[in-house]
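Working notes, beginning with the structure itself.
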Amino acid sequence: MNTDKNNIENMPDLSVEIGGVRLQNPVMTASGTFGSGMEYSDFVDLSKLGAVVTKGVSAVPWEGNPTPRVAETPSGMLNAIGLQNPGVEVFCERDLAFLSNYRTKAAADAVGDGPRVIVNVCGHTVEEYLEVVERLSDEPVDLLEINVSCPNVKAGAIQFGQNADSLMDVTQRIKRIAKQPVIMKLTPNVTDIAEMARAAEAGGADAVSLINTLLGMKIDVERRTFVLANRTGGLSGPAIRPVAVRMVYQAAQAVKIPVIGMGGIGSAEDALEFILAGATAVAVGCMTFHEPATAVSVIDGMKDYMIRHGIERISDLTGAVR
Amino acid sequence: MTETAIRKQKMRAEVLRHETLAPGIRSLELRVPELPSAARPGQFVGVYTGDGAMLLPRPISICDSGDEKELRLVYRVAGKGTAEIAGLKAGEETQILGILGNGYPVEELKNKRVLLLGGGIGIPPMLLLAKQLSALNSGEEKDQSPVITVLGYRDAQMFLREEFEKYAQVFIATEDGSVGTKGNVLTAVKQEGIRADAICACGPMPMLRAVKAYAAQEGIACYISLEERMACGVGACLGCVAKTTREDEHSHVKNTRICTEGPVFNAKYVDI
Amino acid sequence: MNTDKNNIENMPDLSVEIGGVRLQNPVMTASGTFGSGMEYSDFVDLSKLGAVVTKGVSAVPWEGNPTPRVAETPSGMLNAIGLQNPGVEVFCERDLAFLSNYRTKAAADAVGDGPRVIVNVCGHTVEEYLEVVERLSDEPVDLLEINVSCPNVKAGAIQFGQNADSLMDVTQRIKRIAKQPVIMKLTPNVTDIAEMARAAEAGGADAVSLINTLLGMKIDVERRTFVLANRTGGLSGPAIRPVAVRMVYQAAQAVKIPVIGMGGIGSAEDALEFILAGATAVAVGCMTFHEPATAVSVIDGMKDYMIRHGIERISDLTGAVR
Amino acid sequence: MTETAIRKQKMRAEVLRHETLAPGIRSLELRVPELPSAARPGQFVGVYTGDGAMLLPRPISICDSGDEKELRLVYRVAGKGTAEIAGLKAGEETQILGILGNGYPVEELKNKRVLLLGGGIGIPPMLLLAKQLSALNSGEEKDQSPVITVLGYRDAQMFLREEFEKYAQVFIATEDGSVGTKGNVLTAVKQEGIRADAICACGPMPMLRAVKAYAAQEGIACYISLEERMACGVGACLGCVAKTTREDEHSHVKNTRICTEGPVFNAKYVDI
């Protein structure tokens, strides 16, 4: 018992596997809240993360929405960035190059796997998604996350994620050409999340991630206007965590592929809620804005929890509450 | 990657002084033990409220920066967050994120005849700028090219005025005409016939638009500080963009991040 | 101008009309958060309210769910009461009798209309709803609110509210026998709230109210259990306000009947967000637990706002932001 | 209905004293200017945190109540809310809801030989009960029927013990046996051969179940204080019910509201 405990203390096993890719720990950054890692590399040691998930990338540069694009709400925030991004070409040259350094370095220093690189992909049409997926084929990318759930882009996008048939279809078409394993990112703005998770699985997805933001709105009563130029925006943060945990639980009950959970994670305790509900990995989103070191402290706190509770492998906790 | 790469963080700050300068205008002096670097005028910090329901830091410009890792912020109580911050008492602790943003190009302005225009709550960041410019300008140039400041207030409820007088020649404009020129800062510039080689401005958007147009017409350099709703404050979320007149390096669309490439911009490159 | 302003100061008109019933002001209590008014009558003067909406009432007594039934979440709470209630008979004798006093008294004192009485109705089957609606026919009840959206009762209930066809059907059948105007209370746990609002309107509803709670879950990571005995519960409070405002906006755009807005209202400013988004009236829910006088201070704050902005009739603000 | 009907409210309370009695156990003394009535032992208040993200009041029993509208609460720092409350300093203000619940039937217990059992954080409400019972019992009965208290702690880190000794004969039980009887309060009762006409108890559920069974076996009256998650605290939300052995007046099902019909119940009517 004592030796066991010592082993755990030396190194509880935080690694997890998604679509055949091993992550050194289950903690990622949520797409759109961490840039491509560069901005926060002044604040945190990226090499500690399980994975960096990039901001959504499209085939050509996207302008995004007019400002104001963000608004604070009780224990949360709204955003309507509109997927501004410089397009996949610039992304590969600049952002992927930056992220690859961490992998190369981690390998060279033999300090572990380093952070996996997950690219979040967006598009207005299936063809646009396919273009990006194809372009990324031979890039140093470990996993693809397909954003069929952004509530802030008028044409397409979220509609794929709100209908089971089209979700299955887009998943199939992407899987057909993707070189990397594919994570489908689901929207919570649906009646039945389990149905959507099953559709993604049926389409061949290697994993699902959820939740993207809940569609919300804020009105400035003094000026009598919408606070966001886009009128509606996506709600994220601790405010939505109970909804996210519930959906992760429902999705995990519905499918066999791994579930990546997110929505308001700000501490190891929050992250463990998702894992116990059925998530294999988790992502930290807008709480990084509240505390840039959130993802790292989630990892540290998880380690402490495992030691305290005598848990050897984090994967033993996945879905442990049912 | 090693820990040495970490150059910024959310920091503890101790409240040294906190006082009211004018109705709704508060001055907050902080000691920040882990302050990563000296502050440049125009830079800002994100100030966190103590309330768990408010997640985002409030961007507040650095008004002054002393020795020993001290920062002074002067802010208007505008909403819930600043109201919460206003309750901080000397001796208590708060948390800030920073130092953020680029700041005014002080070195480029050395020995130039610089006109500082501050409107309303755009006045505070001008103080550190006046101080640094005044310190930078050497003996002779100091007299020939004094730092000139025009401060625009709504009415006679002024703040920071005396402190500017230590570093600059000060003109006042008030909307109600109770002190100085009746009108805005540009009314005063024109009425007083103030001439300069460069303008640095901070204030409400209509003022900044007018200042940009005036500088273009006069053919002089003009640096303005922009404001936008922010989430991350560090360039990661793309919440705080301004339209630019040309594609910028980072976005590859005509959007630039105010928190990172700004908040201070050469007026001619932003589309306001 | 000056005289106008004075008029407004003397009495801005807060009254609104729903299904032909005039309310002295647009502020109600949300079902289930105010008992039948009795409990909070020690704290607030009920006669100031626009309406008291009672806890859900069923044909026979319901036991509700096991405890724990409530949990706090960031800027919100989860509940899984499970519609415990003493049944419609006891309700009529005791609770309606209590509430009627306020109407009688208001009439006698000629101090205004007094609070309207709105009874929230629940059932497992359409027949159970109909039984309650019928029983209330000749009781001193001004309006009926039909809860087809409670997420905490296993059988029936929410399923009516998550499918447009069955929602229209149940609305029609209730309308056929109801003596009082009927408000259909909608669930936010749907892909398209506008579709649901239209279904209720098509079924003949006199108004819709929204939102009921968002389905959520909380896990106790130390004990590795669900916090609520029912596993899932309904999320309410300021956390969900941005979702509620958005849905009220979408519903109001979709139908012509009045919309009653709720979800996290704690101040006049919050309530005005809903009205500007399209609500005719609003309800204060769990913020009453935070401050029992919330509903009254919402009314007072609304009056102040109208005076400050020179608004004569609150109904002029309904849907003013678009 | 007129304003006179309003008898309860959310009230301001000033912190008079706030101190640590044992690790994680805090004593908070409040002055409540608008206190609506005198407190009965077993009643509680809802204490609000200053944090906007935490909406619900924390139910805390009244441990003592002095003159001049003073209340004392003794609580364990259990989670985020009590941790926040623990930061209150003397002179600061907080808000409470109350006074809530029914309390122990003090009048019925007059001149009876009453045994008070407090386990862990169930100890504090017993203090006001011991004080009132002791004051109530007149000269002779006081000696013949002393208030007997058994306090159960985990270990030697005891709290409030000396204060009980002012009003009652005190026995101690500790789980680790470091002080008094090794075991729980009932172990002590049996070991010391304590006999009584009635029992009043507060503590963790396993203790209450054992106490209920013991009282039934001895055939004596038994009053226990129950705990449950609460939202409103005033009987409106039906969040805090306990199972009863018979249909109660309010619910017409076998559920009773702990915040309103309780928290103190005659043990024989609740199904625990």
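To keep things simple, chains are lettered A, B, C and D as they appear, and every chain counts its residues starting from 1.
Rule of thumb we're sticking to: a contact is a pair of C-beta atoms (placed from the backbone, for glycine too) under 8 Å apart; a residue touches a chain by one contact, two chains touch by 3 or more.
The shown structure was predicted, so the numbers you read here are calculated from the model rather than taken from an experiment.
A comparison of the A-D and C-D interfaces places the larger number of contacting C-beta pairs at C-D.
Centre-to-centre separation of chain B and chain C, using mean CA positions: 47 Å. A separation of 36 Å divides the Cα centre of chain C from that of chain D. Centroids of chain B and chain D (each the mean of its C-alpha atoms) stand 55 Å apart. Residue positions 52-54 of chain D are each in touch with at least two other chains. Across the assembly, chain C contributes residues 74-76, 237-238 that each touch 2 or more other chains. The touch graph of the protein chains shown is complete.
Residues of chain A that touch chain B in their complex: 32-35, 39-47, 55, 61-64, 67-72, 74-77, 79, 81, 84, 86-87, 90, 102, 105, 237-238, 286-293. Touching chain B in their complex are the following residues of chain D: 50-54.
Interface residues of chain C facing chain A in the complex, by the touch rule stated above, are 73-76, 78, 162, 189-191, 214-219, 221, 224-226, 232-233, 235, 237-243, 245-246, 249, 264, 269, 272-273, 276-277, 305, 320-321. Touching chain D in their complex are the following residues of chain A: 74-75, 238. Within the complex, the chain B residues that touch chain C are 52-53.
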